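So, here's a batch of structures to check.
After this come two complexes, each holding subunit A, first together with subunit B and then together with subunit C.
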Partner chain A sequence: MNSLVKKQRKFIVFAMLIPTILLIGFVLVPAVDLFRMSFTDWDGWSPTRNFIGIKNYLNMFKNKDLWLSLRNNAVYFFAHLIMIPVELAFAIMLNTKFRGYKFYRFMVFMPFIINGVAISYAFSYFFSPINGAFDEILTVLGLEGWIRNWLSDTKIVNFVLAFVSLWRYSGYHVTLFTAALQSVPQDMQEAARMDGANSWQMFRYIQVPSIALMVDFVLFDNIRGALQAFDVPFVMTQGGPGYASSTFTLFTINTAFKFSNFGLAATMAVALVFIIIIVHVIQNKLIHGLILKEEK
Partner chain B sequence: MKKVLTQIIKQIICVGMIMIVLAPIVLTLFAALKTKGQMVTTSPLLLPSLSEITFDNFKKVLGDKYLLIGLKNTGIILVVSLIFNVLFGTITAYIIERFEFRLKKVIVALYFVGMLVPTFVTEIARYRIVNSLGLYNTLGAPIIIYIAADLMQLYIYRQFVSALSPSLDESALIDGCSYFRVFAQIIFPLLAPATATVIIIKSISIINDMYIPYLYMPANRLRTLTTFLMNYANAQQGSWQTLAAGIIVIMLPTILIYIVFQKYILSGIAAGAVKG
Partner chain C sequence: MKKKLVALLLSAAMVLTLGGCGGTEGAAADSGSTVEGTGTEAVGEGTETADAENTDLSGDLVFAIYDNVLMTYIDENDMVGKFQEKYPNANIEVEKIKDDSEYWNSMKMRTSANQLPDVMINKTFTLSRFKDYLVDLSDLNSTANNEYAAGYAVDGKILGLPMVVNCNYVFYWKDQFEEAGITEIPDTWEEFKTAAKTLQDYYGKQNPDYMAIAMGAKDEWPDYPFMEFMPAAQGGNGQNWNDMAKTDTPFAQGTDINTAYHKIYDLFSSGVFGKDPLGLGNDQATALFAQKQAGMMVSGAWSLTAISEGAESTDNLGTFYLPVRDSESDPFNCVVQGDGFIGVTTHSKNPELAKAFVDWFMSEDWYGGYIQYCADDSTMTNSPKEKTPILAEADAAQPDVVNVMYDGGGDDFQAIQNEVTFDYKKLGAEMFTDGFDLDKRLEELDQSWTEARKTLNIN
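Entry: the complex of A and B
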């Protein structure tokens, strides 16, 4: 038996060595380094970096453009938050069997599969002021008066990009909810129906508790996703005009790789982690305190 | 009567959804089939008459030598990353699910941290490490990052391993098999369905990834399919019909993968999410 234990230990050490080293080297060390870097003035190439205390943190809070970017993130966050009930309703519909439901389940997930850079350019074309399809649709509908410079008007550009984000991720959420609904035991649903439960009661007392875990995940994914909104503005507008469609992550990335201020960028990255955790805790308290309290 | 009405309403909602999903894609395809002149003379919502459709825009993008380079680079990155993802993913999941050992809790916690760290901004610190290893402007940069830091496969594999009966490998061990043989000949083959899911989902995310190749591989000869499109877009500034053909070409690989393997993708996405 002793030799088996030895063999087992040898196997574990041998097999886990490389994956663990990689994980430490490329995930843990950068995470710690990010924190350390946030107290320095490193510029990205100098061999040395100076410790400057919490100066980056003070500068971060004073940065108006960063706050504007964070406000833009909030638009993504609330847009997706408002969509969650719609996505849930859609998932409940797709969970029933009707003509073509398999095809519709397939199509609703399509935007999530599509190359993000390609679709960003496609939407740039869609909203373009010259020969753009969206303006043409409005014209056909007799709504010429609504036409705007969708991607260069500072007042609306961020909403347009948030819409593109909705286009890309709503179907993903619908698919997650549909999968969770399918895991609700059939006999439980039938028993409830036999007892005379109506659609709302079915939803509230059978389906919601069963998919609570998935709702939790989608809410968390929404915080993470909204704060990390990056590729759509990066490709479509570069955050412009000015900072009108900049986001927290885009601003952070530019601070490091465009303006060579890695110290300040690391500070923002650390702040990002804290914001994600704080919003998640608040959201959890709200959800479990208000909506799901009866289950406890 | 009420049933028929619900059916009709469902169909209307779903057709509306499909129109929203397809609009940007189909309208881009329309533009890709037009000449420069037709972009102005025909409505963006319509195709020109069938006899006037042009394939010149597609010929142009398909004839671009960097598209082939991009395809090759994406292929290399994909194959190498996936081999190691599957190898490390299966063996790590097996060990974490089956064995008790010192440091196990630490390692599991490490993987949890790995899932928590925000993706894009981590590159600010990872950049230094990748550079100091001399991987900047090599295919090694994206490969090692995809292998080391992209961890979703672990959750899919752990679910699968925990569903396998331990009596399988125990009896083999009593028969004198080594742990390596048990893993290679019994466990690994049993994980094939999970491996299929992992390979398909990871392929899509690697093909579509823009940021890692953009950041670490600015050299022309290191373009991937996605960064090829970014360069192509800059070169075609203002000529929507030629860019449109590029957009469609770059969209195609992942759409095809999705059409062929939809079953694995839809089940795997949900499995990865709940645990994640």
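Entry: the complex of A and C
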């Protein structure tokens, strides 16, 4: 018995120790180093780096192109936020067993498992001004007047890119919601039905509260994903024309690699962490406090 | 069951341990700079031809490249095997990195980690960035035979031997010029603009997708023949970037870059690049030009391969040099640059072998075949190359061309460029957007430039 207890303890110690070491080595230490780097003028290759205090932070606040990029992130954020109820509705629909529901579930999830760069390339050709499929579709439908310079008109380019991002990531959210909905106890749902609850009441008072944790996760994932948007604008527009479709992460990467300013890029990365936390806290307050009117 | 499991785990652990020992021995052998396998096999043939002193060199080398053409040639022609014929105790690992952007990112990371490859490739604008990590190659035989190496010396040291020399051409379809009534090859900037306008007006009426000049401006970099090279061609000054670093207001009216960028903006905003150049990438633009959906395309000699592959026939394909000059009495400047600077890094554990490799690489034994395979021109006096007939047409059309040797910019320029975040290729793409105000942008750049020089203490 003692031996078994010892083994259990050993197992628990190792099971805790290994992830802790990995976390310290691959998350905590780089995070501390990132924070330290944000106070230096390191260019990315010099053996030395000079401490320059909060100069990078001041420069970051003065950089109008960076804040323009952050504004572009907001387009992704709101586009995905608006889509979350739709994704939830899709999940509820796919949670019922109709003919071919497995096929539809797979089709919804498929864009997420395709390589993001490949998707972005495909959509580059889809929205191409010459021989582009989208313009051809509009022409066939007699909607030539709607044709625009989808990837170069600074007024619409971010919406086009956000659409591609939605195409790619919405299925992931639908799948998460579907998985969560499947874990809602059947007896609870049946009891509600017997009590006369209609579909809306089932959704509002049974299903949504039961998957609240997943909704929170998706909301957080939306903030994180929107603020870290990179692959779609990088491949489809290079952040251009100018900085019209640049995002915060794209700008950070260019600062580090194109302009050899790793110190300033580290500052932007630190700022991004805080922006994600702040937006998450505000969103949580708004959704739980005002919309769902939950009492803490 | 439990015993079986323990026995299985122990066996697996033993296998791993033994494997690990084997690996360690292998590694030790490698670190002892003796190479087995392919190296040994080549000994018989190699010793007969190799010099006595060369056979002593041994060890492992990593040769990092990004050029697809070079990689294909290396693979198809067994570069490693051929080098081992001469240096049987040497082994080379060729590391291909996706593209040049990824290459510089990787090299930057590896510099800070002391992990640079033994042999690396540079461009004109990266030579000065890596100058502290590159070995002087002045004493190599190949350096003496390289026509352009001395021109790119940094602080008197030859840090890389340019593998190729290239300039940009205007590729054009002769039949389209003829049909549109353009009888003369443009010889001045105005004539070039007029030719582009004539083509656009003539073919654009029938085909709204037509482009007089094809450019994949969505990728930004394809505007480099204009945005990067035209300021140097404008004043015939290959040191233009370096000279800009010496002044507070290099973008002011009357400067080469101001004049060149106004000319470019004038062209870019005239509609001769089709309905939406910012919606197209370089691959798309090249393919459309090859399919004769465009009349001209300005690019390096390397584009000829892609154009030829995409075109039904190249019978009507011609070239001329981009005329930047205002009148025929001005010199016809054409920017020429060395490219693919092969060099040895200070991180190499076998620098002598790495230098021997560079010397061999640039010798007739290897380079002679390579330079005939690629589209660019030779830099080596002992491996001359005739231009392909299509590219040679440019020389015939403009026999009085003045070559301007381009410098990508030294330390000061690059420090200011980074501080100001001056991205000339992005600026070029922005010129295609509505409401772009060039004068305002140049004024802002001047202000930032002055501040940057002050901050960086550059006089």
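Here is the rule we use: the second predicted complex is superposed on the first by the 264 of 296 C-alpha atoms of A that agree within 3 Å, B and C clash if a C-alpha of one lies under 4 Å from a C-alpha of the other, contacts with A are read in each partner's own complex, and residues count from 1 in each chain.
Methods note: a residue touches a chain if its C-beta (ideal position, glycine included) is under 8 Å from a C-beta of that chain, and two chains touch if they have at least 3 such contacts.
Everything numeric here is computed off the predicted structure, so don't read it as measured data.
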Worksheet entry | Simultaneous placement of subunit C and subunit B on subunit A, clash or fit | clash
Discussion item. Per the contact definition in the header, classify A:F163: touching subunit B only (first), subunit C only (second), both, or neither.
Written reply: neither
Practice prompt. Could you figure out whether subunit B or subunit C reaches more residues of subunit A?
Written response: B
Fill in: Touching partner for A:S128 - first (subunit B), second (subunit C), both, neither
both
Fill in: Touching partner for A:F77 - first (subunit B), second (subunit C), both, neither
neither
Worksheet item: Between subunit B (first) and subunit C (second), which, if any, makes contact with A:F39: first, second, both or neither?
Response: neither
Discussion item. A:F217 in the overlay: touching subunit B, subunit C, both, or neither? Say first, second, both or neither.
Written reply: first
Discussion item. Taking the superposition on A as described, I'd like to know which of subunit B and subunit C A:T237 touches: first, second, both or neither.
Written reply: second
Practice prompt. Applying the touch criterion given at the start, work out whether A:N149 contacts subunit B, subunit C, both or neither, answering first, second, both or neither.
Written response: second
Discussion item. Touch test for A:G100: subunit B only (first), subunit C only (second), both, or neither?
Written reply: first
Practice prompt. Name the residues of subunit A shared by its contacts with subunit B and its contacts with subunit C.
Written response: 44, 125, 128, 131-132, 257
Practice prompt. Quick one: which bits of subunit B touch subunit A in the complex? Just the residue numbers, please.
Written response: 7, 10-11, 13-14, 17-18, 20-25, 27-28, 31, 39-40, 43-45, 88, 91-92, 95, 99, 101, 107, 110-111, 113-114, 116-129, 144-145, 147-149, 173, 178-180, 183, 204, 207-208, 210-211, 215, 225-226, 229-230, 233, 240, 243-244, 246-248, 250-251, 254-255, 257-258, 262, 265-267, 269-270, 273-274, 276
Response to the item:
The answer for subunit C against subunit A in the complex is residues 101, 104-105, 108-109, 111-112, 129, 209, 218-220, 274-281, 284, 288, 293, 414, 417-418, 421, 423, 426, 429-430, 432-434
Worksheet, complete the sentence: Residue positions on subunit A within touch of subunit B in the complex are 4, 7-9, 11-12, 15-16, 18-20, 22-31, 33-34, 37, 44, 90, 93, 96, 98-100, 104-111, 113-119, 121-123, 125-126, 128, 131-133, 136-137, 140, 167, 171-172, 175-176, 179-180, 213-214, 217, 221, 224, 227-228, 230-231, 235, 249, 252-253, 256-257, 262, 265-266, 268-269, 272-273, 276
Fill in: Interfacial residue positions of subunit A with respect to subunit C in the complex
43-47, 65, 124-125, 127-132, 149-152, 154, 237-238, 240-242, 244, 255, 257-261
